[in-house]
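Two complexes, one shared chain (chain A), two partners (chain B, chain C).
What follows is the complex of A and B.
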């Protein structure tokens, strides 16, 4: 096994809101190895983005957010660091790409200025050096004529170009870990493929760890080596990409995979969908959190809280009491899809 | 593909031309800009244009009606009203300009800090509320009587009076900018709060602040005239539009020119500045058009 660059133990992030304390991330543990791509998947509202932003501690700790657990980065617990030390990590050791590339660039500065910024902040380069480096970075992310592009403003670039610029900014200081929060959501399909290829090749070239947050499972299948599936602030299944796709153990993972439209082979008349929606954080069901939407639910599921269990070899973990049954034989669904929706 | 640079240059040029064109199409803004420009011109060139000194008294020529020699007549001490109005323009313009500048700088600073730091926000905004609760002219009078009459003190007290509103405007703009993804992105890149505030947020709130500054400019001219008229503004022998009015009020039935001309100049300047401000707003704020 390779060296672990990031190890998260029992991370919880709660927000103080008007309706009380909301635990958006509840006891999440996973790790990222050097040079690997970890996929973090789940529906909207599952806590993927909150988890990733918690790693960088981007939430206001004074008034809104509270973290628990440990985030070990290079052996050092990020949650114990002071704000100043944390700033040295952000954009330097750990970088982040946001999902909305179109609004992640400041409209009043040229692209070059914004790429130079982390270099000036963290590496204390001179302006000329930083500018040279910015041109190099733009070349690295595959932008033609970088000398001209550095002088341009964000509104002069297309969405794909802007996302490339964001990646260039994120890579400026050669981080050890890159967090890509749905980097392709706002882009069209062809550009999506280019951006994913870019992230993949840079991951190999620079051997940095990548956390890829997405709800697009096909992207995960193509790029990631390991996958963690999140539901309602918890990890419900974790394993290698083969385990997850070939033998998904958790009903939620099964549901997600079944919801991918198939391009080839036999097709069901209607595309499968997981009944219901992700409940709100103040309506977390008791027992297994997925129980109200689970087609294989038993009454015991609603009573007992499920732990994340090792299923056997290779660190495959599942949070489901019926996983053994569900894995061996095709257990009959207790109810048809859509029968008992909602919470 | 090297002609891309040329294309870009051409586009930029077109963009600039469009902006200039847009400004000149806005007739009100052009009128306002012209009036403001003429007033600034008169103020700057007062020593050249004025037929005599602002304090030169010709006692035999007291309260003469407008004539070729004295286009706006003479006042109670036989001073040329036209000359005094020209020199008064210097005082008014200087006060307006510096009050606008100071208010803009201080208001922006306070607004930006308040938008970022919650505790400071509470403190600063409550102080601003307190200052806003007192009518600004009264507050200015109070400051003037405490500080004593001089041009510098007029600038100081008018600035203090207009900063709260500017701070509010800057703050509300800054709060919007703070919520933008690009601000989150720079903080994820490890920028310090002060860096974020002054380098990334400040340029993005400039346009509403500049527009407000033009109104502060206009307002300062009116309030200065009011203060001087009440005798707490610019001290008396110095010419200022308010002072001329103040001296004219005693002889209002005998010498209308001492009231009408400075009043017309004040009104015209403020009118011009307000129109100019509206034009700036239309130009700088893409949401209103």
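What follows is the complex of A and C.
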């Protein structure tokens, strides 16, 4: 087993809102090993982004957000650090790439300036050194004519180029952990292939840990070694990419994987669908949170809260009381797929 | 032979680039010399990357934009020479579902009104019958009657897309242009909307032009597929043939870029160099020659003509024999 660089224990993030306290992340635990890519998947609104932004404590703690649990990074609990020490971690030891590169880059500074910023702050380089490093970084992420590009503004670059600049900024200080929040969602497939290739090769070259957040399961199948599936602020299944894709145990994971339109094999006349939508955070169902949408639901599911259980060796975990049953035989779905329920 | 309901011939859509004093200093060739036919009851998938002109073509085909050149015939009637009155009648037949369910609905209108307004403009029925029609479509697309008086912001993305579809269906159209209708949705909701589109097609014999950049969705929903690059249609074929045996280098690149949903399969990938050239200044010769891994001398000099591989499969490339 490789060295763990990040270990999250029982993390909860809640927000104070006008409609009461919303717990967006509820008791999440997982770890990231050195040099591995962990995929975090789930539908919109299931807490993937909040989890990742909580790692860097990006929410306003004074008025709205409250964290609980422990986030151990290199053996040190990030939730106990002061703001000043936290700032030394952000963009230095842990960096983040956001989905929308255009709105994440500052439109009034050149890309060179923005790549140099973390170098000037964290590594205390001189301006000339930082500039030289910025050109090197642009070359590393595969931008042609880097000397010319450092002088350009974000609006002068294409979507794929901007995402590469974001990656260059994130990698400037050689972080130990990179959090990529939907890095290719806004991009075309050909550009997506370029960017994922880049992230993979940099992950190997720099042996940094990566958390890849995405709702595109094919991207996960291709790049990640382990996967955690989230639903309504909790992890419902975690395992190696093969366990998750070959024999998903949780009904939610099964549903997600069956909903993908396949690129190979027979085309069915209808796609599988998970009925209904993710409920709002102030309408969390009692018992198993997936029960209202689950095709295998029993009345006991609605009564008892489910724990995330180890299913055997290799760290495969599932939050479902019927998983053993569902694995051994094809348990009869209680309702037909597609039947609407409480939309 | 199936019934042809729409035929587009040599359609061009150039947008002027205006310099100082509003004088045109050049043109963005968003769609350049595209010809295609749509048959009754089929789904035609139009794929390509951002900026290749697929949405513009969709808009031109139902005359939301008036083309710079070429003709579009809907059941034999020319859309570009039709007058106001004829157009209004034709619009009943030609509807559109937009990509972004958040911005394509008026935030100040109750969704019931969104639907009845369509009938009102077309002068169909009286107040009560319009209400009844709207409610009927509303239930067809899987929404509840109590949603009728709500505002768009009260719905989720998937539900809004259902409203967008209801708005297109209420006039009983012959052709619906679906412009990336599922791109903004999660996979689970995406499959709900795709299944709904298929149900409606089966029930009403609708024809869809389905615009998407997602090859796996296209493979699932389309009968025939057209691939666009920089304003040009570069290949057209029945869906299974295109996926099994693509002829144009660009189609091959697009297919190889799609991530595999099986973690055991490592795909051989053709990674494209560089970015899409500007449609205001397209390369001479074949539009794909600047990024094509197989480009030869002739590709940079001469525009490729049409090669028919068989009756239903055509490609525009110098290198296909």
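Details
Keep this in mind: the second predicted complex is superposed on the first by the 341 of 343 C-alpha atoms of A that agree within 3 Å, B and C clash if a C-alpha of one lies under 4 Å from a C-alpha of the other, contacts with A are read in each partner's own complex, and residues count from 1 in each chain.
The criterion applied here is as follows: a residue touches a chain if its C-beta (ideal position, glycine included) is under 8 Å from a C-beta of that chain, and two chains touch if they have at least 3 such contacts.
Treat the numbers as computed from the prediction; the structure is a model and nothing was measured.
Superposition note: with chain A as the common reference, chain B and chain C can be accommodated side by side. Legend: residue contacts after superposition of the two complexes on their common chain; A:193 is shown touching chain C, with no touch to chain B.
Of the two partner chains, neither chain B nor chain C is touched by A:127.
In the overlay built on the shared chain, the residue A:103 is in contact with chain B alone; chain C does not reach it. Of note, the Cα-centre angle with chain A at its vertex and chain B and chain C at its ends comes out at 80 degrees, rounded to the nearest 10. In the superposition on chain A, A:2 contacts neither chain B nor chain C.
In the superposed model, A:255 makes contact with chain C only, not with chain B.
The partner that reaches more residues of chain A, of the two candidates chain B and chain C, is C.
By the touch criterion defined above, A:58 lies against chain B but remains apart from chain C after alignment on the C-alpha atoms of chain A. Look at A:16: by the touch rule set out above, it reaches neither chain B nor chain C.
Our summary of the superposed model lists a minimum C-alpha distance of 7 Å between chain B and chain C. Within chain A, the residues touching chain B in one complex and chain C in the other are 144. The touching residues of chain A, counted against chain C in their complex, run 43-44, 144, 158-161, 188-194, 196-197, 215-219, 221-222, 241-242, 245-246, 255-257, 259-264, 267, 269-275, 277, 338, 340, 343. Of all residues in chain B, those touching chain A in their complex are 1, 4-5, 8, 118, 180-192, 195, 200, 203-204. Residues 56, 58, 62-63, 87-92, 95-96, 98, 100, 103-109, 117-118, 121-122, 144-145, 148, 152, 156, 166, 169-170 of chain A touch chain B in their complex.
Chain C makes touch with chain A in their complex at residues 49-50, 142, 144, 156-159, 186-192, 194-195, 198, 213-217, 219-220, 243, 253-254, 256-264, 266-267, 269, 271-272, 274-276.
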